[in-house]
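Heads up, the next two complexes both have subunit A, just with different partners, subunit B and then subunit C.
For the complex of A and B:
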């Protein structure tokens, strides 16, 4: 037994040091710095209690970013999950041109978000962009989709759905393949239609996959924001500013690390809730072993 | 309902579904097709879709000389290779300990590993940047990869795979006189090959595409990966033509895209395998 302990220590040491050094310890440090002021030159950080958080509550830009991110999540998550399921059902039904379909759905997944941003930027460009050219065919006026605070959030949102759906499709595809064929035959004998079969058999059986995808979709709605850098830079009027982008700007353009830490704690809080939820609730439904 | 009715309904159903599937696929491929169109045509045809438009390759060399893409490619390849090798080695060791050894604190440590699936290093920008400052690594390729060397995801995947390997094989290797490294090399690693491949593809595409952390931690041509280089290139105000930007965009995603098209089946299967735990 003792020999096992020593082996385990030696085997785990490098991985655990790096894991904790770049995840757990910085997470704790972030929480601590959120209660301190930003150090300036010779003036070291001093304890300010919850001042950073109170300041955030009065910061309109931060509140705006939170709202934007909520809308962003509330639309991209269900949209990409539903489209992913539809894609998987299409690909699973073995129709003509299957490999083209699968390629078309999945390709956005392998592209970098920056490249994706570039591609879509030209799509949305007023009058010359493809969307406006199609609108012109129907005599609709040119529209500055990314320049209008009312529509800009939807442009970055569409891009996220486009990028994510194909990725989530893969997981549904894997789940659909585990549904036993006899079930389908039995349902047919019982006279169940396709829709009934989908609702009563398929949907419950792929529930664990849906939950797994849901968790990933929530994480992506916080993390996957690279296209903002190319497409909108959070503008106009902060209308497409998302939380992580705002943290980046606060920390690395205004060097206000105290505020940035307090905002990071907000994200950490959401992710921790997710982790706890998965631990206590999901684990019972998703079988890992 | 007669048999003929059902077959007619079924056929109609089939046609509608195929139609829907193709419509969605065309919609999904449209942005990429548009990028390909502009990249392979002179800039005059950026928004003018005539089938007779002359094809050209000149946008690619134009983009290539306007920014140090060769260096960016090299940086990204170093980054991806370095990160993946470190991840595989460290995770193999850790996964073996979690799968086969008994030691105190195992559950807590494994929970910490799983936590990294949620709280990833790229959210902790400020502190990790400070750490790199302390280590004197700011603006180095090592700094881009280092936070990802220990991958919770890889440890988890390998542990799940190792647990399915019969303990008897392990014992047999030991009886033949293999040490720990030998057993890993002769028994565990060969049997877990599909998992290694799956994780490898996921990791390479993730780090090839990563942007925010490299943007923060690099600030010179010698260290910038392709994604950051591409963003610098396309954000310059000098009025670079669309067709050239799109050529650069395709170029930087090219190797992954070609790799994906060639190994489509393995790619999709790998992602699937990585998803089913």
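For the complex of A and C:
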């Protein structure tokens, strides 16, 4: 028996070392350092209690980033899920030439976010960009979408939706393909049209996938910020500054690790709350096979 | 049966020169069948002969390349499935996995927005009829195969459609349950009076349940008859080989020696002869000398595979008898039981009374 335990531990060791070293220990250290001041040269970090958190409440840029991220999440999550589902339904209906479309939809997913940012940078460029060139055809004036604080958040948001939707579509497509054809025919015999079938059969049956996608979409709405480095750097006037970008800058541009740790802990806390909520509330309403 | 569920009357189905082809395959070739109102008709044939396709054309889930489908007096060829007044039980049952039994059964009523009170009444009546009262709030995943089958049936009968189509509904059940369900299905159909079109590849199922059996072969109708007629008088070698367990033995006329050659000469063509296993008996005075190739004890019967020359004839002997493989045996048969087929076309030939007399002597 004892020998078995040793074997088990040895087998687990590599994974455990990696997981602990790169996930658990840094996470715990972040929580700890959020209660300490930032060390400077000769002045080591000292315990400051919840001061770091209190400062956050007064930090306008942090508050602004929170709002931006909230709007960003509130639009990208539903938009990418709905677009993914619509594309999947479209691609699932067997039409000629659809394998090409399938690939086209999926392309954004395989591109790195930096490349995606560059592509959209070209789309949005004033006067020369694709969007303005199309607008020019209709004699509309050039527009600096990324230079205007009122519209810049939406430009980075569109990119995220574009990137996410193709990825989520693949999951929906897989889910749709598990729905047996006789179900559709049985419903047809009972006089259920396409919409009724979608609402009463398809939608409930792909709920597990929707839940999975939802979790991913929420995480992505916090995590997916690479394109901001390429497109806007959070500007102008912090109008496209998202939380993670703000944390990155605070930590690695200004080296204010105390503040950055506190913000990280806030995000972690909110995300955990959401995850718990999903598992306890949504899970019960979802039918698993 | 409660008042909420009065017996309803079936409607007839008329299939007129139905053909169906896909790019390369021709699944059905000019099929003509008429199915009387209120009858139990089995579509029988080997796998891939087009039974399901034909059923789906009746249902409207598939459109025929050519031909007309008539239900009652109406031409429904171009009508959508839900406007044809029929229900269907799928081989996989096609129950909605996320809905409980009650919701599955009333799916159609709900879709057609029947009032709640009426829905509940019908549900209770059907649940009682099918013995599902205790299972109404279970999900299909928590039911046995037989119970799922019942739910699928309940869903098919609740709307009191005049026609019920079934595609191999018992093929996923074990042998014992299959037998019970056969009896039950037949009783249900007679009680409710709808027209049943029942697809199966199992000839025993077709023979035991149906009023009329439509035997299909490679997309064409081979024979349409009542089970007894189909068994007693197969009109082709295909029908002879397909019906019966074990089926009719077919052998070259030469196996009967001079008598066989005489038969061929009289008929003016090469013959195949057919004998049902129960029409042949081991008999010391029998003219037919054979060797037992195999003896299979089945309880009530012992099936003997007998070699006559190069030809194999199956004999149903009593289970009490003792035959050993390899031993010689004499066989006799009643001349009127002998079936004659044209070897080239497979068609059944009528044997004259004179011939029967000649064989007797």
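Following the convention adopted for this analysis, the second predicted complex is superposed on the first by the 273 of 289 C-alpha atoms of A that agree within 3 Å, B and C clash if a C-alpha of one lies under 4 Å from a C-alpha of the other, contacts with A are read in each partner's own complex, and residues count from 1 in each chain.
Simple rule for what comes next: a contact is a pair of C-beta atoms (placed from the backbone, for glycine too) under 8 Å apart; a residue touches a chain by one contact, two chains touch by 3 or more.
Here the structure is a predicted model, which means the values were calculated and not measured.
When both complexes are overlaid on chain A, the residue A:34 reaches neither subunit B nor subunit C. Using the contact criterion defined above for the overlaid structures, shared-chain residue A:167 touches subunit B, although it does not reach subunit C.
By the touch criterion defined above, A:259 reaches neither subunit B nor subunit C. Counting residues of subunit A touched by each partner, subunit B versus subunit C, the larger count belongs to B.
When the two complexes are superposed on chain A, the residues of subunit A that touch both subunit B and subunit C are 289.
Contact residues of subunit A toward subunit C in the complex are 180, 182-183, 185-192, 196, 200-201, 204-205, 287, 289.
Within the complex formed with subunit A, the residues of subunit C that make contact are 59, 61, 80-82, 86-88, 90-92, 94, 96-98, 107-108, 111-112, 139, 141, 155, 159. Every residue of subunit A that touches subunit B in the complex is listed here, in rising order: 1, 4-5, 7-9, 11-12, 14-27, 29-30, 33, 83, 86-87, 90-91, 93, 95-97, 99-116, 118-120, 122-123, 128, 130, 133, 162, 165-167, 170-171, 173-174, 194, 212, 219, 222-223, 225-226, 229-230, 244, 247-248, 251-252, 257, 260-261, 264, 267-268, 271-272, 274-275, 278, 288-289.
Within the complex formed with subunit A, the subunit B residues making contact are 13-14, 17-18, 20-22, 24-26, 28-32, 34-35, 38, 46-47, 90-91, 93-94, 96-98, 101-104, 106, 109, 112-116, 118-129, 131, 146-147, 149-150, 152, 155, 160, 163, 180, 205, 208-209, 211-212, 215-216, 226-227, 230-231, 234-235, 242, 245-246, 249-250, 252-253, 256-257, 260-261, 264, 267-268, 271-272, 275-277.
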